[in-house]
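See the structures that follow.
Below, subunit A partners subunit B and then partners subunit C, in two separate complexes.
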Partner chain A sequence: MFKKFSQWLDSLEDKNEGVENLPSEERRRFLKMGLTITGVFAGGTLLSLVSKVDDVFGSIGGYSERYPYKPHYAMVLRVDRCIDCERCMEACRRTNHVPEYGWRTKILERHIPLGEGEWYREFMPILCNHCNNPPCVRACPTQATYKDSRTGIVRMDYRKCIGCKTCMVACPYDMRYFNEEKRAVDKCDFCWESRLSKGKKLTACAEACPAGVRIFGDLSDPESEVFQMVHSETRVVWVLRPETGARPNVFYTKG
Partner chain B sequence: MKRYFIFLLAVFLGCLLIHPPTWSQDEEDYPQEPIIFTKPVKAVIFDHKVHVEDNGLSCDSCHDDPFEMEAGSTQEKPDFNMKALYDGQYCGACHDGDTAFASNTQCARCHIGVLGMKRILGIKEEVHH
Partner chain C sequence: MTALKQINPPKNKIIALFYVLGGGALLLGITTGLLSFYLGHHLLYGVTREVPWGLLIVTYASFAIISTGLCIVAAIGHLFKAKTLEPLSQRALYMAIIAILAAFLAIGLELENPWRMAIWMVLSPNLTSNIMWMGLFYAVAVVLMIVEFVLGQLAQRKAAAVAAGLASVASVAGLVGLITDILANSNLGEVFGFINAKPYWYGPFLSIYFISNACLMGFSAIVFFTWAAYSMFGWEMDEPLQKALKTAGKFIGLFAALVLFLLSWWIVNALAGKVFGQYDTAKALVAGPYALNFWFFEVVLGILVPLIAAIVYKGREISAMAWAGLSAMIGGFINRYDLIVVPQTIPHYQQFNVVAPAELATKFYPYVPSVSEFLVFLGALGLICFGFVAGEHLFKGHIAKH
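For the complex of A and B:
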């Protein structure tokens, strides 16, 4: 009987949640903190300084032993190396024809206080986190956005998109915009359409980064750099907004 | 004709009074505005004020070696990059971890990025939703 109950619970997870459970209040607070407006982000809720990887993985048993996708694309961002030269953004715009008003990736900046009148600068690139439990996919009424069952990439079927923008509200990372030319919401697809599906190994942003910030690869491959960084016992790795339970595949670290 | 010439001369001298040319500046003067390098990456700040006032450097500490006097001329050199700095050239002459913090640390201290550059130049980011 319990088994049946748990199956029923599992089946609920995959179902479309509709629009009533959107964390819009939370998102507004997120925006108020200035994320999209000034590109500055605040500490605390956005950035957790302790490693959350195990917590995030722990939310479904055995996740860290077996990855659901093959290849399981992921990115590790070495934030302290970022210098906001924005070559990644330029490469992304060129490669994926992102218009001036849109974005598939952004760089945030914050000033971390060191003491009396002193601070240091830190840049933080953000992009679609290709969550394992993506709030945008659950919110989409037409299944125009979906989790690719092979690669785990959160993709768009532009023909199905009705432009309701519900996914834009649902995304905890503000990584979706409405593309006027496509008449659909557009987002990062880890360069699947423009590069990976054509045999290239890296995203445009990872290739363009002169500072080695963006490490891209297959998290299900123990030989890959992303796997080794995420599973390093001495390295502190965290994800953004782990409290949403979205289980991101974009990780942050330093050094 | 002569009167016209005198008038022009008066205007010219008047202009000099209002806006003295750079060659009349005191030798100890240095650019008050920070220099922003945009090559090979956007954007790196150099502030004379910090180096002269806070750290007591004189002009000949850096001019003409490792930096020529003309502001921003260094970024036109093809070897002006981090590797050269690590080899002790340009900023790396002092930023070696000994005289000043090493070039391969505290990246965002000098790299103010596109965001920092826009802020200094007063360019407001347009907000789209």
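For the complex of A and C:
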């Protein structure tokens, strides 16, 4: 009985085309159109941010005049360049002493449908989005996780973590794990503790990437590559799960 | 002054069973929980990175909701002087305390570092966190409920003039306790309701849903435990108590109807809206891997049995309503399980046509409670069973003497 009911529900779903089934040619046409009217289909997630600076600020809206952090660390990921060599994952693991059972960054393999039985492969790296409105920080009862007031990095104060794991549930991106050795939740800190605080300019993953996928820098610096990519009038830039209102500082683009 | 009248011999074997099984389960649960701190939760508990909240959070939420419901039932009789329900108040208050202690036991053994809570929730509280407010309000509520209960007991042993003074202090403690308990319960709802990463939870609905469920659980629990006490100990129910239970039976039906109303719209809304996360969760419930949980436990046992029993018997058949109350509590527990676990099983990147790595490309993240989690759950349940019979012995049927 449940199976039939399930099939009936599926049949309802089929009537809605959905954005995930758009063939790539249509996507391209749509993207071109988006340059003028602002809008892009980004792998199943609809987001409108192209063409004008104000729209680019789709995820960081309200900060177009002045960034709240200096430096305002951000990362742009050029997904079509990723070859899934996993050097970024390895560098992260080694640099930040991430145990075997956990991870701070990962590469997802996607098969994006082109049409009937056709798809193309894309590798999508994921890491903490260091959101401007981080759901994990709001949920933590003891401020064990917090938004660094100077850099905007979402960091951990391990000794305050009670292990309620609310932050893990609240993160829309699955970016947190419980580190048994630290007896606390652990996550990407843009290599703040291991590198940036010691004067290095790049995260371990960005430095290790042989294909130039991960562009790391200061979004509040007009000279930086991340600023120029995110503010480019012709470049399509998107963020993941914008509907959650988290306003990430990790951006995705191609080319 | 009311006195208990023995009309049947007490069922000593069943009472002993409650003590032995309840106490045994409690000891086993505590031992397992303590072992999990020593060996590591990751080795003993079935929760994962993707599904971090499992059976023990479900146990906590379920027992906390029952406790709030019992606190409301106690307040209707005690504080608001609804004479009809007053005979239920003492037992309801006592069981509200036992239920919240069982909830604390479950979450205390679930948290990885509960000792840090005592330090950092004081030194570094996050005022935007619902967990923080929920913990604070439940902690205050349990203290006030204990104060109210103890003063109520003392008042019964003192002369009338002193008793009146104690009773009025108890009433103040009771009123503030009720308010903090409801605040705690609504924050429990918003622990989930504020999480926009899980669209099935997100919104103000859950605090409304939880308080409605608390009322259903409160009346179900009080009818069941009162009937169970009188059956087990062989006491005669006097007229006012019978009237109170019959009225409470009607309230079971009323709140079952309310919960049915809320759950129906929740599911219809999620199915029709097709929002990622909402739709997937609702579909997993009504026609997916959790369909048995949903239709049989949540809907039939949790709502329809108590609703139909209340309609058929008009709440008057006390033993039938007691079993219907137990059915509502079992169904309610599974409702909490589904409500908490299923939205977490929807993969974060489901919309992105992910095929690898396998653990993120799955249709549903797996979660099965481990044996250890089940033992800790049994420990919390054991505390309720043990506390229930001990309360009947210690406070002699919770009869108000003034």
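What to note about this one:
Just so we're on the same page, the second predicted complex is superposed on the first by the 193 of 255 C-alpha atoms of A that agree within 3 Å, B and C clash if a C-alpha of one lies under 4 Å from a C-alpha of the other, contacts with A are read in each partner's own complex, and residues count from 1 in each chain.
Here, contacts are C-beta pairs under 8 Å (C-beta built on N, C-alpha and C of every residue); 3 or more make two chains touch, one makes a residue touch a chain.
Since the model is a prediction, treat every value here as computed from it, not as a measurement.
Shared-chain residue A:87: touches subunit B; no touch with subunit C. Contacts of A:114 after superposition on the shared chain: neither subunit B nor subunit C is touched. Of the two partner chains, subunit C is the only one that A:159 touches; subunit B does not reach it. In the superposition on chain A, contact is made by A:211 with subunit B only, not with subunit C. In the superposition on chain A, contact of A:177 is made with both subunit B and subunit C.
Of the two partner chains, subunit C is the only one touched by A:143; subunit B is not. Shared-chain residue A:101: touches subunit B and subunit C both. More residues of subunit A lie in touch with C than with the remaining chain of the pair subunit B and subunit C. Shared contact residues on subunit A (touching subunit B in one structure, subunit C in the other): 101-102, 109, 177. Across the interface of their complex, subunit A is touched by residues 40-43, 106-109, 111-116, 125-129 of subunit B.
Those residues of subunit A whose C-beta lies close enough to touch subunit B in the complex are 36-39, 80-87, 101-102, 107, 109, 120-123, 177, 210-211.
Interface residues of subunit A, counted against subunit C in their complex, comprise 2-3, 5-6, 9, 13, 16, 20, 43-45, 101-102, 106, 108-113, 119, 124, 126, 135, 138-144, 159-166, 168-174, 176-178, 180, 183-184, 241, 244-246.
Residues 40-42, 47, 49-50, 52-53, 111-114, 116-117, 120-121, 124-126, 128-132, 135, 191, 194-198, 271, 274, 283, 286-288, 291, 295, 344, 348-349, 351-357, 360-361 of subunit C touch subunit A in their complex.
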